[in-house]
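Reading through the structure tokens given below for one structure.
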Amino acid sequence: MKYGARNQLIGKVTSVKKGDIMCQIKLDIPAASVMNSVMTVESLDDLGIKEGDSVKVVVKAINVLLVRE
Amino acid sequence: MKYGARNQLIGKVTSVKKGDIMCQIKLDIPAASVMNSVMTVESLDDLGIKEGDSVKVVVKAINVLLVRE
Amino acid sequence: MKYGARNQLIGKVTSVKKGDIMCQIKLDIPAASVMNSVMTVESLDDLGIKEGDSVKVVVKAINVLLVRE
Amino acid sequence: MKYGARNQLIGKVTSVKKGDIMCQIKLDIPAASVMNSVMTVESLDDLGIKEGDSVKVVVKAINVLLVRE
Amino acid sequence: MKYGARNQLIGKVTSVKKGDIMCQIKLDIPAASVMNSVMTVESLDDLGIKEGDSVKVVVKAINVLLVRE
Amino acid sequence: MKYGARNQLIGKVTSVKKGDIMCQIKLDIPAASVMNSVMTVESLDDLGIKEGDSVKVVVKAINVLLVRE
């Protein structure tokens, strides 16, 4: 399994919140950080993930914004 | 300083590679993971970051793809 | 404060509409134009913005589509 | 002509810089602001735009990040 | 009409589902494939599309992820 | 293998063009359409795809812009 994206982490689903069209999934990633993903409820149903599941977290590098504070 | 994005990590720049229009920055994030960002060379020059600098890594949740392998 | 994104405007929030998961914010930018941002309600709550506030509007150049009509 | 995107401005092309795969276009938008777009060189060639041309600038609201400084 | 995006298909709207802020549109594209678009309900109302309408489906190449299974 | 994205097609790689940082891949999808993907050269090297290979083409619905001409 290979992805054309530079950022790939393993996350553990900690919560799933469904809205009417979109839903929001929270994940724990290593080092006690939290990440969030938003997708359609349909995609969530296809994925079939629930709290406690491990998933691959994929982000294209072009979608990563750096800020110098 | 507040961002309208769910995913915010602190990363340390480990390499900067400039192309003609775009450039690629590698970062260490906690737990020995690596992230990558692609931006224009102009944005990089404005940011003024170099290896060893700490930066904020910001990703909107909508750009996070989950995959169940 | 420096952002790795080519497009940065100052906008004034004119309306905030919350949905279940996502929300939509309208902003006035200079020259009487209007812009819109969509984010999670959680991000909005973290941002803590309300009508009349000034915010930075950041868009990566790769997300700007040009059309010749 | 109707677009499924909340942000639509009229811009005037002020510079076009071609790289090997990607290119960067600068535009003046009303009120003396500048915007930037990055696309493939192929898309640029199809668009056929050059300095001085007027183009429609389209950005989906989900790609607009708000920051409170 | 020219777009600064590499991927342009013609799709036929097969369903429109409105949420509070976002909506989801399903389209048939040639060869019996299905595509989906998510946008704000406001954008949908501006577009004024309904089932059976033909629309242009535009995707920037940078938003296309390739996976080798 | 399940993806949290609404748009998934099978494409056949027809050309790979490498730049300094980014590269562009062309694919045939069913019904004689062509799609394009842009990614970093590093991602391409990890993917290890070449002309003639079949790949999964994944696009989140939020990145699909509809236009009524």
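Should a chain be cited, it is by its letter among A, B, C, D, E and F, assigned in written order, with residues numbered from 1 in that chain.
The definition used in the following text is that a residue touches a chain if its C-beta (ideal position, glycine included) is under 8 Å from a C-beta of that chain, and two chains touch if they have at least 3 such contacts.
The model shown is predicted, which means the values in this text are computed figures rather than measured ones.
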item	value
Same-residue or different-residue interface between chain A and chain E, half as cut-off	different
Chain whose Cα centroid lies at the greatest distance from that of chain D	A
Chain B and chain E: spacing of chain centres that average the CA atoms, whole Å	29
Rounded Å distance, chain E centre to chain F centre (Cα mean)	17
Contacts with 2+ other chains: residues of chain F	1-6, 19-20, 22, 24, 36-40, 42, 47-48, 58, 60-63, 65-69
All pairs of touching chains, each written as two labels joined by a dash	A-B, A-C, A-E, A-F, B-C, B-D, B-F, C-D, C-E, D-E, D-F, E-F
Chain E-facing residues of chain C, complex	17-20, 22-24, 36, 38, 62-63, 65-69
Chain A - residues contacting chain B, complex	1, 3, 5-7, 9, 11, 24-25, 27, 29-33, 35-39, 47-49, 53, 55-69
Chain B-touching residues of chain F, taken from the complex the two chains share	1-5, 19-22, 40, 42, 58, 60, 62
Complex contacts: residues of chain F adjacent to chain A	1-6, 37, 39-40, 42-44, 46-48, 60-61
